[in-house]
Amino acid sequence: MAKILIIHGPNLNLLGIREPELYGRTTLEGINEKLRKMAADHQVDIEIMQSNHEGEIVDKIGQSYRKADAIVINPGAYTHTSIAIRDAVAAVGIPTIEVHLSNIYAREEFRHHSFIAPVCAGQISGFGADSYLLGLRAAIDLATRCFKEAS
Amino acid sequence: MAKILIIHGPNLNLLGIREPELYGRTTLEGINEKLRKMAADHQVDIEIMQSNHEGEIVDKIGQSYRKADAIVINPGAYTHTSIAIRDAVAAVGIPTIEVHLSNIYAREEFRHHSFIAPVCAGQISGFGADSYLLGLRAAIDLATRCFKEAS
Amino acid sequence: MAKILIIHGPNLNLLGIREPELYGRTTLEGINEKLRKMAADHQVDIEIMQSNHEGEIVDKIGQSYRKADAIVINPGAYTHTSIAIRDAVAAVGIPTIEVHLSNIYAREEFRHHSFIAPVCAGQISGFGADSYLLGLRAAIDLATRCFKEAS
Amino acid sequence: MAKILIIHGPNLNLLGIREPELYGRTTLEGINEKLRKMAADHQVDIEIMQSNHEGEIVDKIGQSYRKADAIVINPGAYTHTSIAIRDAVAAVGIPTIEVHLSNIYAREEFRHHSFIAPVCAGQISGFGADSYLLGLRAAIDLATRCFKEAS
Amino acid sequence: MAKILIIHGPNLNLLGIREPELYGRTTLEGINEKLRKMAADHQVDIEIMQSNHEGEIVDKIGQSYRKADAIVINPGAYTHTSIAIRDAVAAVGIPTIEVHLSNIYAREEFRHHSFIAPVCAGQISGFGADSYLLGLRAAIDLATRCFKEAS
Amino acid sequence: MAKILIIHGPNLNLLGIREPELYGRTTLEGINEKLRKMAADHQVDIEIMQSNHEGEIVDKIGQSYRKADAIVINPGAYTHTSIAIRDAVAAVGIPTIEVHLSNIYAREEFRHHSFIAPVCAGQISGFGADSYLLGLRAAIDLATRCFKEAS
Amino acid sequence: MAKILIIHGPNLNLLGIREPELYGRTTLEGINEKLRKMAADHQVDIEIMQSNHEGEIVDKIGQSYRKADAIVINPGAYTHTSIAIRDAVAAVGIPTIEVHLSNIYAREEFRHHSFIAPVCAGQISGFGADSYLLGLRAAIDLATRCFKEAS
Amino acid sequence: MAKILIIHGPNLNLLGIREPELYGRTTLEGINEKLRKMAADHQVDIEIMQSNHEGEIVDKIGQSYRKADAIVINPGAYTHTSIAIRDAVAAVGIPTIEVHLSNIYAREEFRHHSFIAPVCAGQISGFGADSYLLGLRAAIDLATRCFKEAS
Amino acid sequence: MAKILIIHGPNLNLLGIREPELYGRTTLEGINEKLRKMAADHQVDIEIMQSNHEGEIVDKIGQSYRKADAIVINPGAYTHTSIAIRDAVAAVGIPTIEVHLSNIYAREEFRHHSFIAPVCAGQISGFGADSYLLGLRAAIDLATRCFKEAS
Amino acid sequence: MAKILIIHGPNLNLLGIREPELYGRTTLEGINEKLRKMAADHQVDIEIMQSNHEGEIVDKIGQSYRKADAIVINPGAYTHTSIAIRDAVAAVGIPTIEVHLSNIYAREEFRHHSFIAPVCAGQISGFGADSYLLGLRAAIDLATRCFKEAS
Amino acid sequence: MAKILIIHGPNLNLLGIREPELYGRTTLEGINEKLRKMAADHQVDIEIMQSNHEGEIVDKIGQSYRKADAIVINPGAYTHTSIAIRDAVAAVGIPTIEVHLSNIYAREEFRHHSFIAPVCAGQISGFGADSYLLGLRAAIDLATRCFKEAS
Amino acid sequence: MAKILIIHGPNLNLLGIREPELYGRTTLEGINEKLRKMAADHQVDIEIMQSNHEGEIVDKIGQSYRKADAIVINPGAYTHTSIAIRDAVAAVGIPTIEVHLSNIYAREEFRHHSFIAPVCAGQISGFGADSYLLGLRAAIDLATRCFKEAS
């Protein structure tokens, strides 16, 4: 069974808890449930982590070498500042999909640049929680293909 | 029934005809068939156009005012140079999704900037023909919601 | 009788139709009527065109060579991207006035630069429909002077 | 009766005195006479000042708070360097029109940027003394409207 | 008794008079009273000036040479454009504290740069009228220390 | 009783231990004692942390949601590189004050830009240990006000 | 017989008609005759188009796929703004030569950059009508070689 | 007798008074005496002013129209920020020489750019008080030549 | 015996494990063995750490104050983004040598800038595992000298 | 008989000797022979030099004043760095043609800018050895015209 | 007797020979004679060189170490491109004066920056041949002072 | 026996002669002796040159084609300005090591960029004379490997 790693970057732990009138009442756990359901439907195995630590995300990606068949990552603020995560993604050679809840191109100038996107398979931004679901869907395709090739 | 406009920008007419070893054998018509099938499955109405003319794309978006419930657009090279298409999207106020076959962030510097993304709902890039399918899926959600609200 | 060409650039066809609470109920036709009335009052001949196509605007300016005595142009989004329109204006040597409905200097950074203004006689921006009327007034002066010199 | 303040910025006192073969023989007083005549024709009250001192212009704008209904200002060189005048215009909240004798977009790069335009109603440049007259015409409209609303 | 010079830059004379719903009803005189009270409490002598003229501020700083023990300055718009004030501060060698009512880093890009801060002891911004009080408090410490060393 | 969180960023643990001839003999503990004393005097509750880990600072800010009434943060080097801390501050919506021991505007160019200041209430820099005391003073005002509003 | 496509970009239709004292009396038709003569001399087949429309030029290049053996293009103003033409040239894989009448490096800064040159075989600029003849000469070499290889 | 205007810009009034161990004991009056002596030796008439006000310097230059035969100006900090002084110099058409006590190219980056130098005859910087004497010497040559031509 | 700290930054734990055909079969442990051997040969004491966490690297450098006589650091991706590590190096005042496996100047533009190099003794890049050995050799010289001076 | 100077810049002496599988077997001498043959065919006199020294190229151009009727120069790396060669070309006033073997616009960013092109008649790049032949052909036209005018 | 080295940089050998209607009939030899006369009048010893070779100028400056008491250099085009000459000037520690015939600040942007000025005593530009004489005068002062101190 | 070329760039001839208190008493000859000794110890043949002429360095590198097995170069000031030396290094294909006495990253901004490093094997900077020794050590490894492969 293909394995997909889901990584939630910094501050995403706060999702849905605070300011529900602004961000909606969907908590990170809510998103995770939807992801688990989609994974079950498509018979893939997913592992989910959240961390505010750049180093932990780098650690995790490194540990996924030859273990995960695809990665869905919302690097949050590290999108724009972390070359370390970029290098980790490039190093393990696992097809990776960058997702964002908000449309980062409609926000501050400094959020328009991603250090990570250039080494990803693709990027999806602006669809709220659905960005993750679209990302997982794409990841399943890539992971399945990789998994089959590897089998 | 919700209506979705699909716009293929410049040079996409050449897709799949030339250099099949590089770009694959999927022609634009091949993508369109998949889009039509997905539309049928989800019971939405889609209209597809392709044009190499910035002006024709602007014309079409303007004509869609109050007619389309969502737009999926691959603006091709005009992504990076057309403020006119940006203004058209902003003017008609129809939820719009920008899609790209390739990962534009893994290409030349000048392809990293989109004039159109800031006025779109979201952006999807890097999944080949699947970028369109993921985009249509997102558009169906948005269009259905809009269509219902308008009904 | 002096002849003045009025050019409305991309997306101006949508004026007054959509979002009247925001842009007011003045349609492009409404502006045109005011322009025709002022032209009649001052006994000048005006021709009006609107196009979303950069190429059509370039065509029209080229065809005006030795036919128009002044041009009033709202290049819309092409203000910021079209060197072709700039070159057309410079080539025909007809006194040209650039007008804008909104104050482009109070908007996004990329709207602060005009490729066309440097080859125009002058620029008027920020007075809504009145920008056109002020522009026509200035054009009548220039055109009348040119027309007399040429006679 | 609506009141309009006309401000001539630095070096405009030299107008028409020197190099008449280049700048024409219209002196600043000549422009002022035309402005007074137009004001009389439209039954508005105008006050005219000229100063080479940024501080005096800031003083004057501040003193006009609740006294002037519109401002026509040619900030001259301070257009490109004075945030203090910008702040004064923004502070008093009086509709302001920036005018320039020459087409500043056809001159040196550093003259293309105005600190003041973003807080003005609009900008008119390139029509010589007529820039003032077009500006006053626009100001009369704005001032009359403001004056009426305030009455 | 240590002497402290308080300088209010351009447009601060308008404070509290206009738009009280936005800027609050605290006038510049209101701030000055609080400053005078704090000065009395700490037994330091303060002198207060306000000017919209860059030159007057430069004059005043120069005249304070060997007379003031510290300066608290809100250079307003001149923060971002005046090298002359910077040079004056550097020339007299009096410990100077730059204060701002608003958080200048949450405003337009051009307000993020201060020509004056690099030659000041420190900078305080964003606390409204309290910025002055915090600044005076810091100035009293510096001035007292300087005053003692000089005694 | 209002609660205030004090955060010392990277390398501040080294303060006062090394190079006392340069940085003075005040250790971080020395600053903390002064802060605790001022807190006691003003009857507010303070919690102090120091960390060299961007992630720990993000964790801490997130955990303070609805627990702290104000934050005083010296983000050290992360001032200039951490969007993650900026996002955390913005997310929890707690009034935050950025402080710096040295005048960052008198140092290297890259220290002039703060990612965090734009989402803070204000910034204080250049007063050594007193920057913290001035910052705490300002925080007490803000926190007390918030605490009262929330009560 | 090798086939070469000659493309004249925007405003070149005006060549030689207007201001003959400046641009000379050579019309575009005059250049075309010389090109046809050279083509006849070298026994290659040429097709010539002129268009002010970016989209038409993109259309034409796309239609030339597997039909033309070389392209000589003077993209005029589109040299500096059209990524769509660049992509078309890259897509069809036909050896292309960019030519310019004037020396674009002796003109305005924005004319120094070509989006199209990087995907061309080479560039020739500054020799007036002779730029086309030198370009055709180079194209004949390339086309003949290609034509032979394909035969 | 040829007339030469000497202008000392902002903060030069402080010269020689403060920090004599750093700037030397030469006061501005000391420089002026040397200038007066050289003027007497060369039989030219000099007028000297010092001002910290940009506006006064602009006033003075404007008043010198047809009265001064040359200007020697040390614009101090206004060198780098004043377009108004530049415009005044350009307007009166009097040969002007920019001088600086210090070598401005060995100081901060922002002191390397002069708005005024491009409209001057020449620039001399780095020779302390001798910069003025070298500048006056050059001015005498220019003024004498101008004076003779005008006679 | 002089003590040298060796720091391996982010992702270096993956060295030699993955893609041996590309990066060679030398693992990080392989490099460490060579380093230990060289240390033994030169009778210096080395301590080696690897971390993907910026904060841990900052912690470690701070803890080395007065304990290590030299540092050899390959900051990996943090080279280009970490001011915190730069500040730690500067704070402890231990001679530090920056090393890189690859020639960072032959890679992406963003890898050409090091925040850390300006506070190091020197930098060595491009020699693969030998970069470490050359760096250790240089460190031994520096450390020995320091160690002797301190003894 | 018209005289044409051919200048080969730095490193062109290595052409064809090294890496023939990459650069082809055409040596510089091979190119020179073709140039001499074309010169003989067109009855013009050519002189050829190669130098790796910027100064020698400047010397040679200066010595050609009134001796050469046209120059064909491949400035190699000096294209992008030598203002001295630019000034020499501008000084002697001889029509000059800049040629490049490779398409410099398809190479590194720093090769896109030429200091020399703005003072040349034109530029030809990308046609290998044929760039020289096309350049000589253009030079013959220019030189013949110059030679005739001078006769 | 104090010794002064005069260096004329690239292309100055052409001065006065070509285009006398533009540059005047003063040859470099003419300037040299004036310099020799002034040197004789002031009893200093001068040595003059001209070279188009950056390396020769570097050689000469290096050889002047402890031999020349001052240098007057017109680095011509090398002003803007030569760090080698800058380093030579800094290395020998001889007071150096940079002179320019033309006002480099009234010319192309790239001539506004000097690599050499920051390590010179001062810079003089814009006075034609007189720039050298003013420069020599300043050099004599510096050299005499140095010569005396060394004696 | 493997051959290694050592190149000392501009101004290095002055090393150790001047300002011994600053640069130490090690002359270039002193460095050369150490290099010769290390070469003898490792049984490689070295050739050493020093030149202030960019062209001579380019000449020498070109002449080393197929003669040298490695190059150690300190390009001095040419590091930052010479594309010609870069091209020479790339052309001959000999493994090259760039060395610097000082840490160029701790000096002026313009010394942070090397045109040559991207085509070198690696770069070593900051270790004084030891930079050369570390560089030669690395070169010996590379040269020996190359020499063996070629044998």
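Labels for the chains are A, B, C, D, E, F, G, H, I, J, K and L, by order of writing; each one numbers its residues from 1.
Note that in this section contacts are C-beta pairs under 8 Å (C-beta built on N, C-alpha and C of every residue); 3 or more make two chains touch, one makes a residue touch a chain.
In this text, all values refer to a predicted model and were calculated from it rather than measured experimentally.
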Chain J and chain H - chains in contact with each: K
Touch-network distance, chain G to chain I, counted in steps: 3
Matching chain pair for D-E (criterion: over half of the contact pairs shared, by residue number), options K-L, E-F or A-B: K-L
Same or different residue numbers at the chain D/chain E copy interface, by half rule: different
Chain D-chain L separation of Cα centroids, rounded to whole Å: 64
Centroid spacing, where centroids are CA-atom means, of chain A and chain J in whole angstrom: 55
Residues within chain G bordering two or more other chains: 53-56, 81
Touching pairs - complete list by chain label: A-B, A-F, A-I, B-C, B-G, C-D, C-G, D-E, D-H, E-F, E-H, F-I, G-J, H-K, I-L, J-K, J-L, K-L
Interfacial residue positions of chain K with respect to chain J in the complex: 10-11, 13-14, 17-19, 51-56, 76-78, 80-81, 110-111
Touching residues (chain side chain K, partner chain H) in the complex: 103, 105-106, 112-114, 117-127, 130-131, 134, 137-138, 141
Contacting residues of chain G [partner chain B, same complex]: 53-56, 58-59, 62, 65, 81-84, 86-88, 91-93, 115
